[in-house]
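Please find the structures below.
Two complexes follow with chain A in common, the first pairing it with chain B and the second with chain C.
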Partner chain A sequence: MKSLILLSGLGVLTLLSEIFNFKRKIFPVVLLGLLGTIVLSAMYWNTNKHYFNDMMFFDNYAVAFTCLISFIAFAWFLLSQNYFNEETNLTDHFALILFALVGAVIMVSYQNMSMLFLGIETLSLSLYVLAGSRKNDLHSNEAALKYFLMGAFATGFLLFGIALIYGVTGSFNLQTIANYITLNSGNIPALFYTGVLLMMVGMAFKISAAPFHFWAPDVYQGSPLVITAFMATIVKTAAFAAFFRLFFTCFSTIESVWGNIIFVMAILTLAVGNITATYQESVKRMLAYSSIAHAGYMLLAILAMNKFSAGSILFYTAAYSVASITAFTVLSIIINKSNNEAIDAFNGLGKRNPFLAFAMTVAMLSLAGIPPMAGFFGKYYLFNAALQSGQTTIVLVAVLASLVGVYYYFKAIIAMYFKSGSDSSPVEVSFIHKLLLVLTLVLIFAMGLMSDFVIRLL
Partner chain B sequence: MMIKYIFYFLAFVSVFSALMVVVSKNPVHCVLYLIMCFFSIAGHYVLLNAQFLAAVHVIVYAGAIMVLFLFVIMLLNLNTQSEPHKSTWLKFAAAITSGLLLVILVGTLKGSETMVMPVGNPNAGLIKNLGNTLFKDFLLPFEVSSILFLVAMVGAVMLGKKEIK
Partner chain C sequence: MIKLVALVPLFPIIGFLLLGLFGKKWSKSLASIVGSGAIFASFVVAVGIFIELLGADAAHKTATFSLFEWIDAGKFSVAISFLIDPLSSLFILIITGIGFLIHLYSAGYMHDDEGHNKFFSYLNLFIFFMLLLVLGSNYVMMFVGWEGVGLCSYLLIGFWFKNTNYNNAAKKAFVMNRIGDLGFLLGIVLIFITFGSVDYATVFEQATHFTSGETVITTITILLFIGAMGKSAQLPLFTWLPDAMAGPTPVSALIHAATMVTAGIYMIARSNILFTLAPVTLEIVAITGLATALFAATIGLAQNDIKKVLAYSTVSQLGLMFLALGVGAYTSGVFHVMTHAFFKALLFLGAGSVIHAMSGEQDIRFMGGLKKHLPITFLTFLIGTMAIAGVPPFAGFFSKDEILAHVFEHNKIMWLLGILTSMMTAFYMFRLFFLVFSGQFRGTKEQAHHLHESPKSMTIPLIVLAVLSVLGGFLGLPETFHAKHLLEGFLEPVFEASEVRMLPNHLTHLTEWALMGVAVITMIIVVLVARSKYVKNNEVPVPESTTLKPAHKLVYNKYFVDEFYNAIFVKPINWLSQKFHSIFELQFIDGIVNGMGSLVVWTGRNLRYAQTGNVGFYIFAMVLSVVLILLVNYLR
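Right after this comes the complex of A and B.
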């Protein structure tokens, strides 16, 4: 709760900095604030506090995800530091990002469906604007409009679902609804199940699971690169944490109703994401499809719905986000240099800047799931959780899908080491980006080696 | 008994006007039908003892938002039939999916006739009771929604600002 207040305060402070003219000093303040958020929320480990009439519940799950989200945000600010030097609306960007983080923290710690709705809306509304923040770029405008219209539509489904569930149970509280299900099992009106399915549609849209993924590639490609990085990491993590929290606390006892649908959704997402990613020329769009594919893997944890799920989902989102941040950092440096986001822009990077090429290789290998990177253990724990619940078929499909994944992740690696580009001038990397890349690389390896520690947290 | 007839009348008006919003070709007509739909829904709120909500609904939706809508339509000069043609396949797919959704919704409502709730406290929707709920039980969502509005405002300002080069 304190971390939530701190984040909101930071957001307001950045807005004030525009008026009182300390814009230049706001960047370190925000970084410090984010570190403070991590510390403040970590202090509530094992306290299990309920707030404001059970609107929010900071259990270990919420604390862990709050820390994770704040940390990714910290890395994200380091990544985007360059971008904001050129942009004019610095404070607006910062404020919107910080308020989006407030939404994300609410989404991982809600205990009441009204809070879920507010969290999702706060996060999405900031992103609709940020996606369109390049006002002179038609693609950016298209991305914003598409995201907004589709997002509003999905929110409609979510609200309809919440309304139906409220109509049956008379409560927005997750625990009350879960109790209702156990008390009335076998005697629940169909209205309730329809509500569950409608909520599922709304959430599936937010995590961009197929067949609700059509907005994702265009929005990811049209938005400014740093905003795409934000969407692919923080938004995905928060949306998934919210999805899992909802289904784990509320609907885990009626898995027969939604289990098959999630099963089909997971297979579709894995297939569509991985196969479409193979023939993308633009690295940005490839990463967009890969993020759809990763949503497919994460759906396995929801299907498994056992005591390993929460830990594996935390580990997977952490591994995925750190690797994505690394990839996006390298991509942003490349785009800055050559103004080209196609895979050819990486040609010969192994000679032009060996460190960058190494960072990109590690990120790609981690995303593909090659040991000893974090991504491999993420997949391992997810598959393990699914196998414990007897979901053999879906694990087989996921293994096949990750083999396809190896193909397109290696395309970038091959371009960097085995092809020579027209431009062979060395690539400069700023100090902050170097620092960020070293940090994320260490994390990718460390998480791989100490995966047991992370997984035992939840 | 009287209430029942009022309900059927309002239900007819709202469904009819909602259909007309979709069907009519002229955008201005659409907006006018939408206003009619909002008024009939406000009537439903009154029937459900939510008087304050009904008033707010009329003021905000039928008043403010629809006027904004009309302005935008007039400024864009959309009153000609400038709708882009949609492919037959798209129409076909949309008809099937929305038809399926309709079937599901009708099916679920059919099973739930038995669970009609008794009419609660007739004063539940008055401002005093609403305020009590809002500031006691739902204090945090109420405060958090201020952040939501702040985001909307900052976003609007940011999009409206001139790009300084």
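Right after this comes the complex of A and C.
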């Protein structure tokens, strides 16, 4: 709870800095603030406190995800340091990002559907603006508009679903709704199930699961790179944590209603994400599809719906986010250098800057799920959770899908080491980016080696 | 000190990592100091462990230290854990002790080689795996070490990888070892199936409940012995060892004489209770060992390459060790491993010193008269030769005599063949010795000009090993001498379970003296023959171009075993794999694999058109999906 207040305070402070003219100093303050958020929320470990008349519930799940989101945000700020130097409306961006983070924290700690809605909207509204933040870039504008239009639709479904459920149960509270289901099993009106399915559609949109994924490739590609990185990591983590929290606390007992649909959705998402990614020339767009594909893997945790799910989803989102941040950092450096986001821009990077190439390789291997990187254990635990619940078919599909994944992730590696590009000048890396890459690389390996530690948290 | 057992393999692996990661930038002296220092540190700990074991009472002679659980899958679990008992402590002492001396020697021998630092990193890695092999407390760890030393052996045989022949030798060693390894692996699997564990303690305890000669035990032991055949170069898997001499000489001394090739003997000695329960296998072991010993000794008679002679003598001596194990004389086998490690390492290092002085020449027909140029090498080589030939009281005499005495109890004909083998051994070793050191120098003038004694770092290991070759035998004096057999007493706890199952059968003192007498007298006669042939008459083996008599030709060409294997196995398999490649692989498997790939890419290309960029279409798809979901829900 204190972390939430700190984040909101930081957001307000950045707005004030515009007025009181200390905006050049705000960057370190924000970084410190984010570290403070991690510490503050970690202090709530094992306290299980309820707030605002049960609107929020800071259980260990919420604490762990708040820490994770704050940490990724920290890394994200390091990644996007250049971006903030270039932009004119510096403080606006800071504030928007921080408020988006506030939304994300609410999304992982809500206990009430109105708070879920509030969190999603806080996050999304900030993002609609951020996606369009390159005002003179047509693609950026297009992305913002598309995102907003489709997001509005999805929100409509979500809200409609909440309303229907409220209509039946008379409550927004997750626990009350869960109790309603157990008490009235057998004579729950169809209205309620419709509500559940509509909510599911809304959430599936947010995590970009097929067939509600159409917005993602266009928006990811059109938005400024760092915003794409933000959407692919923090937004995805928060949305998924919210999705899982909702279904785990409320709807885990009526799996017969949504189980098959999510099953089909997961297969579609895995197939569309992975297969379409193989044909992409732009690395940014490839990462967009890969992010769709990863949503497919994460859906396995919802299908599993057992005591292993929460831990495996935490591990998976962490591993995925860290590797993605690494990949986006390298990509941003490359785009800065050559103004080209196609896979060719990576040609010969192994010689031009071995460290960058190594970082990218590790990130790709982790995303592809090659041991001993974190990504492998992320998949391992997810598949294990699904198998424990007897979901053999979907695990088989996921394994096949990840084989396809290897193909496009290795395209980048092959370009870096086995092809030589027209440009062979060395690539410079700023100190902060080097620091960030070292940090993420260490994390990718450390999480792989000490996966037990993370997985036992939840 | 026993509690520090984990340090023994730890030092070499640290040495390997340091040398492997940073060695490229280091100076040669730093690399050799780190490499040798790591082994010396292990040696100190090994000595400490050994002394502590000597002082311990019977109940404390065995200790297990588990570091962590490595594999835990269902009923199958393997721990990284170390077993310290008299047998393993003796082996780590030999490995680290001789290993250290050979590291020291390499600092001089490899000094001018550009791969000097890499060489030390490989050597350290080898020592690590070898220690793992003997220290592990279960068969899986032994297997890990077993494969690890095989890898290092491959790397070191092919160390001068620019030479194609050396590469082929490395490949040959690797492939032949794989054949044996398969047997070993199957043996481990069968052990797990039979006993439900791969842990020595559990397996050996449960084995005592089996009666002698049960099929499953016999099968297990035969499989294990196939593994030993590969690693310890026994018939029919021995041809890789002579070729392995392509590696630098210190490697031949360390890996292909003193340590790795004795892994098979260690494995059987470790599993002695299983073998004792399988008399059939023991008989096979004995016959294979004897046949190998005899066979390799005859080849040794006609070789002209100094290292090849030593290589065949190694194969022959290993055969002798298996003969000892086969007749149930486990202690004698281990005893011979030890003395053989001393004198064979000495002989190889001495040969290295000679080759060093001869600027790389290995053919003994071009040597001769090196006595005055290499005094230390000459003296130490003489000691080594006497030790292997069985001149009393050098190390080899006692261990060989003990083996032959046990063989005599077992079977008189085998004993006779054993005596024949040692006569041949004495002959070819003294032939080698005389041809190298006495007479006139037969090399080129340039070589004569370069002749020099090796540097101190090379001669010191020679002297130390020579001293050990003189004294080593006194650890196991025969009963006739009314002295205590020190080694037998020390190793007793390891072979206890086997010994109660063996028939106690002791020779009278008179027979023992007689056997010893026969061995010594035949040896002396043979040495005299060799002397008159190569010193008095100055005979030199015929040059390459002369046509040989059929028998000589057969032996000189190693009975054409390589050619035979080539025709029977290598060529048909090559033919078969070519057929498989062109028919099965290219058309069938590649077709499927590439087909799958193209299918995915094709789908990807077409699926991408769904991403039209048109928001109207996106929203339409979304709404359609929602409708479908709800519809399905109601129809359910």
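Assume the second predicted complex is superposed on the first by the 458 of 458 C-alpha atoms of A that agree within 3 Å, B and C clash if a C-alpha of one lies under 4 Å from a C-alpha of the other, contacts with A are read in each partner's own complex, and residues count from 1 in each chain.
Note that in this section a residue touches a chain if its C-beta (ideal position, glycine included) is under 8 Å from a C-beta of that chain, and two chains touch if they have at least 3 such contacts.
The structure presented is a predicted model; accordingly, all values stated were derived computationally and were not measured.
Engineer: Quick one: classify A:193 as touching chain B (first), chain C (second), both or neither.
Structural biologist: Once the two structures are laid over each other on A, A:193 reaches both partners.
Engineer: Please work out whether A:99 is in contact with chain B alone, chain C alone, both, or neither, and reply first, second, both or neither.
Structural biologist: first
Engineer: If we overlay the two complexes on their shared chain A, which of chain B and chain C does A:357 touch? Say first, second, both or neither.
Structural biologist: It touches nothing on chain B or chain C.
Engineer: A:121 in the overlay: touching chain B, chain C, both, or neither? Say first, second, both or neither.
Structural biologist: Touch partner of A:121: chain B, not chain C.
Engineer: Does chain B (first) or chain C (second) touch A:225, or do both, or does neither?
Structural biologist: So A:225 meets neither chain B nor chain C here.
Engineer: Compare chain B and chain C by how many residues of chain A each one touches, and report the one with more.
Structural biologist: B
Engineer: Given the touch rule stated above, what does A:272 touch, chain B (first), chain C (second), both, or neither?
Structural biologist: Only chain C is touched by A:272; chain B is not.
Engineer: Could you pull out which residues of chain A sit against chain B in one structure and against chain C in the other?
Structural biologist: Looking at chain A, the two contact sets intersect at 190, 193-194.
Engineer: Given the complex with chain B, which residues does chain A contribute to the contact?
Structural biologist: 8, 11-12, 15, 51-53, 55-56, 88-89, 92-93, 95-96, 99-100, 102-103, 106, 112, 114-115, 118-119, 121-122, 125-126, 128-129, 132-133, 135-136, 164, 168, 189-191, 193-194
Engineer: Would you mind writing out the residues of chain B in touch with chain A in their complex?
Structural biologist: 104-105, 107-109, 111-112, 114-115, 136-141, 144-145, 147-148, 150-152, 154-155, 157-159, 161, 163-164
Engineer: Please name which positions on chain A make contact with chain C in the complex.
Structural biologist: Touching chain C from chain A are residues 145-146, 149-150, 153-154, 157, 190, 193-194, 197-198, 201, 205, 211-212, 214-215, 217-218, 257, 260-261, 272, 275-280, 404, 407.
Engineer: Of all residues in chain C, which touch chain A in the complex?
Structural biologist: Chain C residues touching chain A: 597, 600-601, 603-605, 607-608, 610-611, 613, 615, 617-619, 621-622, 625-626, 629-630, 632-634.
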